[in-house]
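Each chain carries a letter (A, B, C, D, E, F, G and H) given by its place in the written order, and its residues are counted from 1.
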Amino acid sequence: MAYDYAKYLRAGKIPHIWCPGCGYGIIMKSIIRAVDGLGMNKDDLVFTSGIGCASRLPGYIDANTLHTTHGRSLGFATGVKMAKPELNVIALGGDGDMTAIGGNHFIHACRRNIDITCLVFNNYIYGMTGGQYSPTTPKAARATTSPYGNSDNQFDIAQLAIGAGASFVARSTTYHAVPMEKLIKQAIEHKGFSVVEIIAGCPTGYGRKNKLASPAGMIEWQKANSVNKVQWDKMTAEEQAGKFPIGVLHQEEKPEFIEAYDANVGLS
Amino acid sequence: MAKAEKIEIYVNLCKGCEICVELCPVDALEMKDFKAAVKDLDKCIACMQCELRCPDFAIEVYKQ
Amino acid sequence: MAKEVKFLQGNEAVCEGALYAGCTFYAGYPITPSTEVAEILAARLPKVGGRFVQMEDEIAAMAATLGGSIAGRKSLTATSGPGMSLKMENLGYGYLTEVPCVIVNVMRGGPSTGLPTGPGQSDIMQAKWGTHGDHPAVALTPSTVQEQLEETVRAFNISEKYRIPVILLTDEIIGHMREAVNMPEPGDLEVVDRKRPTCDPKDYLPYKPEADGVAPMADFGSGYRYHITGLNHLEDGFPSNDGKLAQADEIRQEKKITDHYDEIVVVDEMDTDDAEILVFAFGSTARSAKEAIKMARAEGIKVGLFRPLTIWPFPDKHLQKYKNKVKRIIVPEMNLGMAILEVKRVMEGTVPSIEGINQIDSEPITTITILNKIKEGK
Amino acid sequence: MAKTQIRLSGSGGQGMITAGIILAAGAAVFEGKKAIQSQSYGPEARGGASKAEVVISDEEIFYPKVMAPDVLVALTQEAAEKYSKDLVDGGILILDDLMVKEAPKGNWKIYTMPIIITAAEKVGKAMVANVVTLGALNEICGLVSTETLEKAVLSRVPKGTEELNKNAILAGIELAKACKAEGGCCCGK
Amino acid sequence: MAKEVKFLQGNEAVCEGALYAGCTFYAGYPITPSTEVAEILAARLPKVGGRFVQMEDEIAAMAATLGGSIAGRKSLTATSGPGMSLKMENLGYGYLTEVPCVIVNVMRGGPSTGLPTGPGQSDIMQAKWGTHGDHPAVALTPSTVQEQLEETVRAFNISEKYRIPVILLTDEIIGHMREAVNMPEPGDLEVVDRKRPTCDPKDYLPYKPEADGVAPMADFGSGYRYHITGLNHLEDGFPSNDGKLAQADEIRQEKKITDHYDEIVVVDEMDTDDAEILVFAFGSTARSAKEAIKMARAEGIKVGLFRPLTIWPFPDKHLQKYKNKVKRIIVPEMNLGMAILEVKRVMEGTVPSIEGINQIDSEPITTITILNKIKEGK
Amino acid sequence: MAYDYAKYLRAGKIPHIWCPGCGYGIIMKSIIRAVDGLGMNKDDLVFTSGIGCASRLPGYIDANTLHTTHGRSLGFATGVKMAKPELNVIALGGDGDMTAIGGNHFIHACRRNIDITCLVFNNYIYGMTGGQYSPTTPKAARATTSPYGNSDNQFDIAQLAIGAGASFVARSTTYHAVPMEKLIKQAIEHKGFSVVEIIAGCPTGYGRKNKLASPAGMIEWQKANSVNKVQWDKMTAEEQAGKFPIGVLHQEEKPEFIEAYDANVGLS
Amino acid sequence: MAKTQIRLSGSGGQGMITAGIILAAGAAVFEGKKAIQSQSYGPEARGGASKAEVVISDEEIFYPKVMAPDVLVALTQEAAEKYSKDLVDGGILILDDLMVKEAPKGNWKIYTMPIIITAAEKVGKAMVANVVTLGALNEICGLVSTETLEKAVLSRVPKGTEELNKNAILAGIELAKACKAEGGCCCGK
Amino acid sequence: MAKAEKIEIYVNLCKGCEICVELCPVDALEMKDFKAAVKDLDKCIACMQCELRCPDFAIEVYKQ
């Protein structure tokens, strides 16, 4: 029997709006397998998102879904979670949504260590608006607003999250569909703020302009350039150059925000 | 080696991205009229790569 | 039994009103002169099972306030000019998605950082037009500390009843002064809770209006799984590019407010029956206006007070009664002329003279200033 | 008493704002009078010179601020200078003798008294200078009854400090009496 | 010699206008349907020694735009509804500190995220009232691609001349359509540069107005060291709590615009001399209005077009000419009724009927819709 | 001869508005000595700030000074610097200004590595508005909005800056007035984005509520709890607990944004 | 020719928008006609079905969009179905025979021709299907002169592809001629 | 050990924060009428701590 994704999908909403070969469909399937694998009750499950291609995801999932304004996914998620801490809140968005316009909410959610799972779909570009460079677009890459190649430096989203205080930080790619599913599960189970950065191909906005191969080629690229964290730590700086580590990159025990608050003000 | 009993491709969902075709390790799939199609079911080793990575819920592999 | 009398600061009375109305969530970012609202609720909310959070900025504060309401709590945020400007985008989201909540704007002096510790009434128009796009708006303008409490309760009621963010548009003077307040006991004031769905979850349409133009709203996590989006959407909540339906939905949203004008718009009219002169004044300015009118009446001048407690929707219908009746309207306001534009629009040339008193020097407009204007005879 | 406008001024930490609130609350809550208290802030809300204003009246109060005070209390030189400017002709000016070295000039009835020293040394806690002030001010101006003042003070002070505060009120009353007896200054200067 | 004719997209024409006006700095954050402005300038600016930067959000974009201007470059930013709402606080800072720059708002559909790829004209009122506090405002509304270019130049000119941020309020239709444009050569269009001080630096007062109400503005780093603050300030630029002076300064700022109404406000009036019906239309909507009027005239109906190219300051003076003259005014606009409120205010009841055509269904208002309304005879 | 601060001060603007014992006056003096020590030309010197007590500093300095909106110091600074890269731009603000409302601009300026010197005055509180807790207020500390003690977790501003990609990150305190001066000099001389976090006492907003000693006591506290980076690295986690490292915490060579841009688009 | 409304449609990458721009620019810049090109976008600006619209007229054009096209070109089935709905009665419908399996029904003059195949096989580059389209469209509708079309095309294509594009125009003209000759379909079907 | 020739205290600038007094290692300063004052110039070792850390430009130490 093939996997029954339909259980968590809203009837009649598929096909989704994503372009042919967009990596986001792969992520959506991993998310569904993760929440299904954890046996999560759809009534207690909340997805929030901002604006962008990635942020269209919640519309397809049969849960409590909140498609907010650009960058503000985590702000809304914080309100929902504080009002009803018993809900499982997954906040997601693109690299632009979460780390450009939404960067402040991202670092503060990390700092607070509020028990929200944050999924950053990193396709190295502003997909929805037609391919402008984002804070993660590689140096020298072409985007509609970097006709001479990108001059800007890049965020390492995972390092940013760690620097800001997140207590669980992981990275995966659409090539690693099954490990990604496991990381998402771990992130959801982690008590505190958890970040999973997921590298995904955007053939329309990024691939075309950067003479990257087909959608499949972008997936192969992810495979070729990602290195498991365990192995990464053994590599020299030269060996690491141009590659990125995947897996759980950081995990620590730290007081969760609402628990700490409730204990402090006498609510628990 | 595992085998597939059936590979279901939903052409109404398939967007023709060729991911399944290009990532199939044994070349069991092909493109036909801009959609994915089974080229040779016998070749299939039921590795599930195609199903896992199809972004559009368009391909399902049933193991034997 | 006599009511308990408390001597409260205006901002404190807002908190009492919010608690009375059943508010259990506050998300904010501090700004003078609204900070006391946050400070008091930080202490008080946990005592009623509520939570308080200081967000990283006003944008996040507005987002969290809406999020709290979506999960079922009556939610409040308070701010002042610069913070209000920052909230505009998410406020617009609140309108389009019809999420109830109350935003307190304690108006201070000046544009930009301006005169931050002084009072102002220059955010009147922003309260209606600040965010992009079409949307209905409700804003209330109390004049006393007692009204700070009562209008906060009313703000929550309107917000819950009509699924709309409501702005309490007060100012530094009322926010910071202290006056005696008769504390309402449970039952004294009406407290409205939003309609929640009772249908089978699978039949739930989060934007299918009932006769009053308002759809029941389910709390997230209550078994009604649905979708909320800031894109134009259909009755089922999902986005649609159908412009005709989008237009119909936005007209429905405007109408849910305009159709209930009589319930929403409250105006205090004093000595207007035989008035030849009308003073249109709101908020702290209305206090001086009232006194000036009493003094003028004592001198036999036929002047009356028109004091809107609801500034948006603008009290067109109430004001139209005075068309072709009064000879002058005086509009004192702590700005360079905002409400007066609306008064002119409504009166359609039927009043020989509509005159503003505009003062933005960080001082309240005094009784004498208004009295002199009344007497000026123009 | 138609309407009395009172201004209490000093530096940030002296509790003048609390004093203003107590006085106004007393009049409003315990005597059914109309009373409004207000204050002003520096650039955004920080330290520095501060003042509280109180209006007490038998009738409704509209304009909430003090336009020209009938009474001014000033516990610092800066406050005395800054806030006495619009004290009404014939108004009452109450000054602390330690902090205000030079009384501003005007056609006022000036009372200079050792409020701070009294609080610190006689009552035993500098912190209660504001309550001493209230005792003195009320004795001079007769704004509310002594019982009201006591009730108002006690309803706003921390538990366990009741005696201290009662003493502070009494000390203030004594100061004022002495001062009045000596024609405005009881510091022996 | 015949002018060069180029076939340009509306957003492209904005870029041509900006470059013609001497713009050498752009800071933005992408948003549909304004992105082409950024994309084109990213390629073009370096060729004229200019720089382009994509900031992290619209707030930073507005800040950087102002910063670039303060350091002496003519600066531009472009956005659309949600981004415009986010810019409001810093836009207000630009007003109070009197920093020239141009903000392009390519209006799209709906409040919040709305109908992002469709057109709208619902940000008209926001352009005047979006930020808190009192301030003057200038906004221009082109109707053709040629005007996109020319009005951008004019926006820079007004901005430089009067030290004020100017909004180019265009819409998705004009922004995205392509038309032939007669390319102006150097000298064809006036290009204004801000007044810079010539006095000894130690005598420089950055807010001391000259006769026109405007003070010369020094570039940062040009030897005139001075202070800029969003607090109310004195002529020397330093903050002051003196409310009287703050009030005087804000009135001066309003007046620097209202006193130059004749220079700033441009209105295109067609067939109005004998008109009994006036169509008040702006932006893309004015195109259909023009055609409808031509068709109606052909049928002998006395109808004229009133097309403001400057929507703020509102063309009160131009419009007043038609008081007690026309019998009807029709105001077609892609919103639920905004400009019509202003028209009503100005006409003061002297026009028997003022009627709106309000359409927010993501489609332009057609010629036929307007023609039918004209013929309706009410 | 005593130090001639007047050279860089605007005539007639002193006394400043800061409270008695506020640490900011100490910082201002260190800044003046730093720019003076570097022999900087006042005409080429730009100070930008946001809103808060810290942000009032530029008003006192005889340079090109820009007091902007709350949190936006770096946004304006970026515009100024891009318009005239030859200017020396110092952007400053409080912990709230730079890391609460201004957090996004802070991390993006770090990422871009634009040649601006950023000074964060960290007094652990929102001073200007009367003492609400900030993203750096210590756990359990009292503030007007944490009447039960602060439940929130804290930013480590330096770690945040490093995670975001800043190429020079240092920390000092008002106790270390002279080392602070040197760090500011180094930061100004560093090509790229440089951050100096400066711990300062706020007796009014923070000290009073937290039963901290006098202004001098707050300075003593800084001395007692700060550890030089070199020594810090040798300490065990237990020894480090409750203390913080000072000195240069991170420094790297990285392409500066405007230089990279100019080279890329053919402007240099 | 008073006013002609043309719609060019296909899927994202087929260059229909460029084709629309070239056609309108040709009419406007080289023949002094009035012309407007416009297009519509999906939810924000991304891939999917797309259309370009062109209005060409001798007189000023006010309303800039196509209300009901006189001519529709559709290079995909989806486009053909979606965009033919408001094609005027008696209008012209040009379809690609490979991509459009089933022509929409209506009272139109339908031309079905192997545009894509011709571009790929005869001209040698699938990418120039849009220029082949222009050649065919213009031959059928006579919107601008062939010189104008050539100039317009050459002013918007990358250097080095001039010959290719000229051939594409010619191939399009040929297709149209054949098609007209055979009464609407030149695919031999 | 260095000595100070003069310690200048500007009472108009001094806000009375006591930083100088409390941080002086040799107790050479004191508070007088809420302002800093020199208690004993001889004690002063000209370490400059007071000058460096006075937030208000109110104290200047002139070394011998």
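Here, contacts are C-beta pairs under 8 Å (C-beta built on N, C-alpha and C of every residue); 3 or more make two chains touch, one makes a residue touch a chain.
As the structure is a computational prediction, the values presented were derived from the model and not from experiment.
Path length between chain A and chain D in the chain contact graph, taken as the least number of steps between touching chains: 2.
Comparing the CA-atom centres of all chains against that of chain B, the greatest distance is found for D.
Among the remaining chains, the Cα-based centre furthest from that of chain H is the centre of G.
By number of C-beta pairs in contact, the leading pair of chains is C-E. Each chain gets a centre from the mean of its Cα atoms; for chain B and chain H, those two points are 83 Å apart. Chain D and chain E have CA centres that are 55 Å apart.
Chain D and chain H, compared by their mean Cα positions, are separated by 36 Å. Of all residues in chain D, those that touch two or more other chains are 42-45. With touch defined as above, residues shared between interfaces to two or more other chains in chain A number as follows: 19-20, 51, 69, 100-101, 103-104, 108, 128-130, 135, 148, 152, 261, 265-266. Of all residues in chain F, those touching chain E in their complex are 10, 13, 42-44, 46, 48, 51, 58-59, 62-69, 72, 74-84, 86-87, 104-105, 108, 258, 261-262, 265-267. Across the complex, chain A meets chain E through its residues 51, 69-71, 100-101, 103, 126, 128-130, 132-133, 135, 144-148, 152. Listed in rising order, the residues of chain A touching chain B in the complex are 1-3, 5, 14-16, 18-26, 28-29, 174-175, 177-178, 203, 214-217, 219-220.
Contacts from chain B toward chain A in the complex involve residues 8, 12-13, 15-19, 21-23, 51-57, 60-62. Across the complex, chain C is touched by residues 21, 24-25, 28-29, 34-45, 62-65, 67 of chain D.
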